[in-house]
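Let me give you the structure first, and then I'll get to my questions.
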Amino acid sequence: MPSNNEPTLVFDRVTVAYGSVLALQDVHGEVRAGEAVALVGPNGAGKSTLIKAILGLVPVARGAITVLGGSPAASRSKVAYVPQADTLDEDFPISAAGVVLMGRYRSVGWLRRPGRTDKAIAADALDQVGLADRAKDRFGTLSGGQRQRVLLARAIAQQPKLLLLDEPFNGVDAVSQDALLAAVAKLKADGAAVVVSTHDLALAHVSCEEVCLLNKHQFGFGPPDATLTPELLQAAYGGQALELHGDHVIVSRP
Amino acid sequence: MSAYLIDPFSLPFMARALLELCILGVLGGVVSAFVLLRKLAFAADTLTHTVFPGVVIGFVAAGEGGIFVGALIAGVLTAVALTVLTAARRVSSDAALAVLLTAMFSVGVVVVSRQTEYTSDLTTFLFGHVLTVSGSQLVQTAVLAAIVVLTLVVIGKELVLRAFDGVGARAAGYPVAALDLVLNVLVALVVVAAVQAVGTVLVIALLIVPAATGRLLVDRLGLVVGIGCVVGVLGGYAGLVISFGASVYGGVRLSSGATVVLALVAAYVLALAYAGVRRVVVAR
Amino acid sequence: MSSYLVRAVLEVAMVGGLAGVVGVHVVLRRLSFFTMAMTHATFPGVVLAALIGANLYLGGAVVGLLVAFAVSALSRRQDTTAATGVVLSAGFALGVALLSAQAGFTKDLSAYLVGSVLTVQVSDLVTTGAIALVVLVVLFALHKELVFGAFDSGGMRAAGYRVGALDLLVLVLVEAVVVTAVPAVGTILSVALIVAPAAAARLWTDRIGVTTVIAVVIGVGSGLGGLLISSEANVAAGGAITLLAALAFVVSLLLSPRYGALARLLPSARVSL
């Protein structure tokens, strides 16, 4: 358990490379318990790569990532990851409740079945994303937004100290987006740190304490007001940034 | 040297076998490119097995002459069934294919097991008898090969478009289901053309290995086809020479069909090694 | 009942049940083609073992596993189906070439290819029983991890599991079942006995436990029924067994309440179950 002084996640001049190709350079910053950081940048900027590096699935070439005071691999049981729902098999014979229960497997351990407590935790997690009434429905029969919520519930059931979300709002309806945001806010209130990659600058602005602006290397790391500025966005996106109504920013490629 | 490499083909049966394998090698080089593009390796394997009951039932019903017709009917029926099953998408298609394949093969096994010559019929089907291929079989093979290649020349670019982007092809107004059916039928025709002479094992290899080899070496479709044809023909030649040499000079009987397959696979392995070396060199 | 028939009944019942259970994982992971490649590659292993006088099961299993490794290594370079196809034809051709070097090979060959259940020995029964026991214990013990990996291997990797090792374990189990099925239905036909019962069962339910039970019933039923048909009508047992399994699949395709063709033709009959 990290003390209040110790951040949950620290990037110390992190560089990630695939073979001889540099995917991401010089990411530097930290995220504390109860805070969320938005990874913002164009497609191919390295957002997913950074998430994989936090999970320890991609080696860090230079610098270091510290998760809960240890290495990424050592802290994995306290880290939950929410993949994009559309990568999963729609025909798979498993209920929504069954998917959420998978979040308990790591703490249940090998060779043992999930017990009553695990099932209660899973049911509670499904309730937090507003899908308690769909528990018995097959995962593949749910809408895209609902599937994303079930996967978030699975992460909640893991009771993580650090939550990683990879583009959770892509193609998600408004009701599901609100439910996702509410559930993430509750996790933060309970003391978890959150990393979320997103294209939605407005969402990053209102729901995250920190923004990490990326495109192959870091263009800014800090509060939204300091990072989501026209100048930095223009630099990161290489396109035009317009300021409308004071703080809404629209970015387009030239 | 020529005693080993050329002289064997002065024997009429060896010359006929070489001619048959050359036709099939070119055919395989062309068709396997489309099998590769559409990821139809499993479907091709299915077709080779499902033709078996056609062969058996044709033989039981009408003797030697019934084999070709039986194989043709079974092949085309399977091509239709494959197209319908994969288009319906109700079951995951690989499971449906596996069941279809073995079910049809089982029909053949059950029917043939009623015959007295059970085991030798089965092995003939699996391994063919390229060394006893007859003049009329050569003509059959050549005619079917001409039909297949001509069809591919005419609608090749549509098939490539469909393979690359099925949704786009449908959006552009192409009859995608019909294109799929045509390709499946073409693969079935290759199987029918080849199976009696060279057996099902060799047909699978001819439908997969040439283009897979070409694809390791080059990125352009035309070149993949070209290399595929060369590999197909050379594999046939090398397999014949080796199996002939082994039995005449070495005293080891080697199934010629199986030796051809192993020659094709050897070409694939060489291409794999070359691609590996090239990657290392380029990376430096 | 004569003793060879008793042995045959026991053998097909065990193999049918085992194939049903492992088939559920094959269907969930869409490994049907891969399984087929392994069955074809098991064939040269069995042939090689017969030639050098080693244990047939061991020979088949070792070569089958080598092939599993070869396919996963090749898949990194090229599309999986193409890689599987190459390995499949290579393995099969190798088996044929080895066997053709022996005189009078056709009889043995067909026994390996399509089975010869009426000649099963007590030692075969013991081997089948032992392999079945090991496979079932492993599948039961690791059930939740295996399902997790089949559903979401990316999420599982992120949760810190060694997914590659688990995937390999599944392949080893499937290969063990393929080898076990050789005396009953042969190498080629074993795919049907593994895939068809599970694929049929999957059409009747969305729950994995129920799928497994139905698959076992279909597997054992096809085995016993096929044996009966074989002795009554004097046809090859392996073919009759796999035909029955395939028939169960086709009937399920037509009649199952959720996915069946009949349910789609008669929408009014589609009651909520």
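Order of writing sets the labels: A, B and C. Residues in every chain begin at 1.
Everything below uses one rule, namely that a contact is a pair of C-beta atoms (placed from the backbone, for glycine too) under 8 Å apart; a residue touches a chain by one contact, two chains touch by 3 or more.
What you are looking at is a predicted structure, and each value in this text was computed from that prediction instead of being measured.
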- Both-way neighbours, i.e. chains that touch chain B and touch chain A: C
- Where the centre means the average of the CA atoms, what chain is farthest from chain A? B
- Can you check how far apart chain A and chain B are, centre to centre, with Cα atoms defining each centre and the answer in Å? 49
- Item | Computed distance of Cα centres, chain C from chain B, in Å | 25
- Per the centroid of Cα atoms for each chain, what is the distance between chain A and chain C, given in Å? 40
- Query: Could you say which residues in chain C touch two or more other chains, in rising order?
  - Reply: 202
- Note on the structure: Residues in chain B with touches to at least two other chains are numbered 92
- Given the complex, residues on chain A that touch chain C span 55, 57, 73, 76-77, 79-81, 83, 87-89, 92-95, 99, 102, 105-106, 108, 110-111, 113-114, 138, 151, 154, 158, 164
- Can you list the chain C residues touching chain B in their complex? 27, 30, 32-33, 35-36, 74, 77-79, 81-86, 88-90, 92-94, 96-97, 99-101, 103, 105-107, 109-110, 113-114, 188-189, 191-192, 195-196, 198-199, 202-203, 234-236, 238-240, 242-243, 245-247, 249-250, 253, 259
- Item | chain C-touching residues of chain B, taken from the complex the two chains share | 36, 39-42, 44-45, 49, 90-92, 94-103, 105-114, 118-120, 122-123, 126-127, 201-202, 204-205, 207-209, 211-212, 215-216, 252-255, 257-259, 261-262, 264-265, 268, 272, 275
- Considering the complex alone, what residue numbers of chain C touch chain A? 28, 141-142, 144-145, 147-148, 150-152, 154-155, 157-161, 202, 205-208, 211
